[in-house]
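Listed below are the structures to be examined.
Two complexes are shown next, each including chain A; its partner changes from chain B in the first to chain C in the second.
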Partner chain A sequence: MIARRSIVGLGTIMVLVGCWYVLTSATGLVSPGRFPSPQDAWESAWQVTVTGYANGRLHEHILHSLKLIALGFLVAAGTGVPLGLLMGWSRRADAIISPIFLLIRPIPPLAWIPLAILWLGLGDAAKIMVIWFAAFVPSVINSYTGVRTIECYVVEAASMLGTPRWRFVLEVLVPAASPMIFTGLRLSLQASWTTLVAAELVGALYGLGRILNVAQQDIYPGMILVGMICVAILGWATTRLLAHAESLALPWLRTAEA
Partner chain B sequence: MVSLAQRPLTSAETIGYGAIGLAAFLALWSALSLTGLVPRQFLPGPLEVVSRMVHLVGSPFAGATLPQHLASSFLRFAYGFALGAVVGIPLGLLMGWFRWLDDIVTPIFDGLRFIAPIAWVPFAALWFGTGVGGPILIIFAGAFPPCLINAYRGARFVSRPLIEAAQMLGTPSRRVITEVLLPASLPSIVAGLRVSAGLGWQSLIGAELIVASTGVGFMMVQAQLNISTATVMAGMLAIGLVGLLIDVGLRQVEGAVRRRRGLQ
Partner chain C sequence: MDAIRFDGVHKAFRRAGIDFVALEKVDLAIAPQEFVAIVGPSGCGKTTCLRMAAGFEFPTSGEVTVDGRIVTAPGPDRAVVFQQFALFPWKTVFENIELGLRNKGVPKAERGDRVAEAIALMNLQGYETAFPHQLSGGMQQRVAIARAYVLDPDVLLMDEPFGALDAQTRVVMQEELVRLARRNPRTVLFITHSVEEAVYLADRVAVMTRRPGRIKEVINVKPVRVAEHWDDHARIEDVMDLESFVHLRTRIWKSLRDEKGSQDR
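Then we have the complex of A and B:
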């Protein structure tokens, strides 16, 4: 069944590429000012990789974006997951923090961008702040849900056996909540990418969003396409990396599925 | 003693603790701005933000008053969201029914899914301009995937006996989709619409920050350039409120649909 799907999928993509070539290069039905031909895209990719575009070469832009994603995501996960666990664990903490959360949550992460620029300028710190805001919420909510859905008997068994508090947290609470924690981290990662691209489009010196922004101003469709493809590939690659980390961290789920 | 199995708080306690939390948050915010620890220009107090918002309702900033900006933002959102639903839901249902369509669309969709909606901004501006068309494409890019995915899942998880009964009675495909799949997957579709609305609203703000020349996002960028932090924060507050209203409205619809299905 999987084989059939991949054959049809491969066929679809080949047909699409064929249409792309016919519409742009061969017949010129779509003007090169609207959408680049395969050759334009290839030349743009070559240009940005070898000679550079928008202040840097492709690998510099990619490394810069990846660094910001990694920093913002780690800060968000490092603060969001513990807070979510705490709120799930203690009803008192939940009651104190939830209203503040309710107040801030409806504001979309992208709406923080102007404020971040006002506070921290156009540099890396502003981007990390915005990514942190975007990625923080899914981490908190899913960790919280993860703790709240732990079966009561697990908790009771642990306390009946006299498990000390720190061992309970490390050996019961976190492992039991971890499938949900990873769900939250996956959402956080997606939110990180969206916000980073938006923040870099609004104002940046390096990064994939910067490529897109300069290409837009130069009306350079080939480069726009290259930028978008890079965003897609990096988004996909980081998601795969996280899925791999999840399967390493939660080996018992893998055996359950098999 | 581990406190997971602890008794729930009474409602008085919940309100009390909540009030403490909120009060602490607002007090910290006011204190930072009033004591001048953070310059007032960069962190106006809560009251200042609210009064700025009231002021903006009456007097224009960046070419329009706050309600006018909100109206033009909301109109764009409504178009993009409606387009996402009108394209996404039928396509999702059809993909759930016709295997060949599923096989063709899924690889394209999976490829496009990893492009953040906001990365469409340059092409949107190039193809449809920065007025209404461009932002609509970006909202569509944000709102379309959840509509499609939830309609598809809803259609795939319709219980077999229902479909088999319909087929046994000789129902044509078109009627199976409109009279079996659509009603059966309605709860899933409505849940998808809520997610869509959230993502669409957020994409709209991003689009307006970058390209538009009206709307709340544009107002905030102008305020940022004028270093008017109170206006930026008033804009955030307004965006949050409208987003909340949209979500509450759709939650009502979701509740009504679920109640009619006897799911709650």
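Then we have the complex of A and C:
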């Protein structure tokens, strides 16, 4: 069944690539100055991989972007999830923290970019900060909801069994909230990619956003397309990685599907 | 000293700004190692009584005491079997049953033995590593019972623990519980809808009125059971055939039926 699906999917992609070829190289309906032909894209990919483009070769850009994603995402998840759990569990923490949240939340994460660059310059720190701001919110909100929707019977059962506080947090609260925590992490990861590319577009020395930015200035559609495809592939790969981590972390849900 | 006492317990829930009286002056005293069953119409406040003894809920007025102390919090001295099982979905059967022992600081080797014993008692062998959702409702309920039993608590609070079991398993569990209760008596507060189950298991059966709940009457089963040697019969159906059993069951049933009837009017 799965094999059949992937064959169909592969077919769709091949048809799309075929159309692309027909519209650009074969008929010239779309001018190469607006959208690259498969040939252009291939040459751009070759160039950035082998000789390099915008200060570096492709793997350097990719590694740089991945490093920022990893750091920003981890910082956001590492602060957002505990904060959300705390706010979900303690009415007092909720009362103290939510007003700050309500003030900051309406500001679109990308609007922080100028301030971040002003404070921290064009280096990595500014980007990590912006990713943090963007990816933090979904982690907090979903962890919060995860705690709030825990069935009270489960909490009562734990207290009836005399579960001490930290064991309760680690073995009851977190696992009970974990499906929602992972929903938050998925959204955080998406937000991380969106913000990273935007931040690199505004100003960066390396990274996939930097490739896109330079290619735009050079009016180089082939390279723009290569940059976009790289972002798409990496976004997909990191999402898969997270999904894999989720299925490892939540074995009781995995067996529910099997 | 009584193991569990309800003294003039009154319980009102606030719902949409209105006080909703669930229990009105409940008085009941349970002696140490006594097995008391509560029967009563649905919604009369049976679960509420049990939750107050467990420490999840507190009386609006009156007192609930366990071992002479007013109940202020839940604890492993009063193991609860919940009407909704309340298992931990992310823990295996073994881990669910083991948690209470870990919390008590029981060493690992002893934990393994005691959990295995509880699993054998509840006929759950082979399911140690299964997650709750992989079990049938009846099996989940047995895990919930094992989780309470393994603590070997002084007080057992059971809220319709056999409600989700099929007829055969239920009978086996009832006979098992009788054997356990007679051999190794504990203070038990047992809620059920089945009059037969109540008469078969309990030393005394408390009948509650419909809402707002009170204890209507308490029927002393134990003297009859002892005098008529019910426990010499291994099988529940043989006990249920005895004239003395039928007599008590009918008496309680009539008392209960008056309450159910009055609900319809």
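Criterion: the second predicted complex is superposed on the first by the 249 of 258 C-alpha atoms of A that agree within 3 Å, B and C clash if a C-alpha of one lies under 4 Å from a C-alpha of the other, contacts with A are read in each partner's own complex, and residues count from 1 in each chain.
Methods note: a contact is a pair of C-beta atoms (placed from the backbone, for glycine too) under 8 Å apart; a residue touches a chain by one contact, two chains touch by 3 or more.
Owing to the predicted nature of the structure, the values given are computational and were not obtained by experimental measurement.
Contacts of A:157 after superposition: chain C is touched, whereas chain B is not reached.
Counting residues of chain A touched by each partner, chain B versus chain C, the larger count belongs to B.
In the superposition on chain A, A:50 makes contact with neither chain B nor chain C.
Shared-chain residue A:29: touches no atom of chain B or chain C. In the superposition on chain A, contact is made by A:167 with chain C only, not with chain B. When the shared chain is aligned, chain C comes close enough to touch A:175, but chain B does not. Taken together, the two structures place residues 156, 158-159, 163 of chain A in contact with chain B in one case and with chain C in the other. Residue ranges of chain A in contact with chain C, taken from their complex: 151, 153-154, 156-164, 167, 171-172, 175-176, 178, 250-252, 255-256. Considering their complex, residues 1-6, 8-9, 13-14, 16-22, 24-25, 42, 100, 103-104, 106-108, 111-112, 114-123, 125-127, 198, 201-203, 205-206, 209-210, 217, 220-221, 223-224, 227, 229, 232-233, 235-237, 239-241, 243-244, 247 of chain B touch chain A.
By the touch criterion given at the top, residues 4-5, 8-10, 12-13, 16, 34-35, 88-92, 95-100, 103, 106-115, 117-119, 147, 150, 152, 155-156, 158-159, 163, 165, 168, 190, 193-194, 197-198, 201-202, 209, 212-213, 215-216, 219, 221, 224, 227-228, 231-233, 235-236, 239 of chain A touch chain B in their complex. The touching residues of chain C, when paired with chain A in their complex, are 54, 56, 73-76, 78-80, 82, 84, 86-91, 99-100, 102-104, 131, 133-134, 147, 151.
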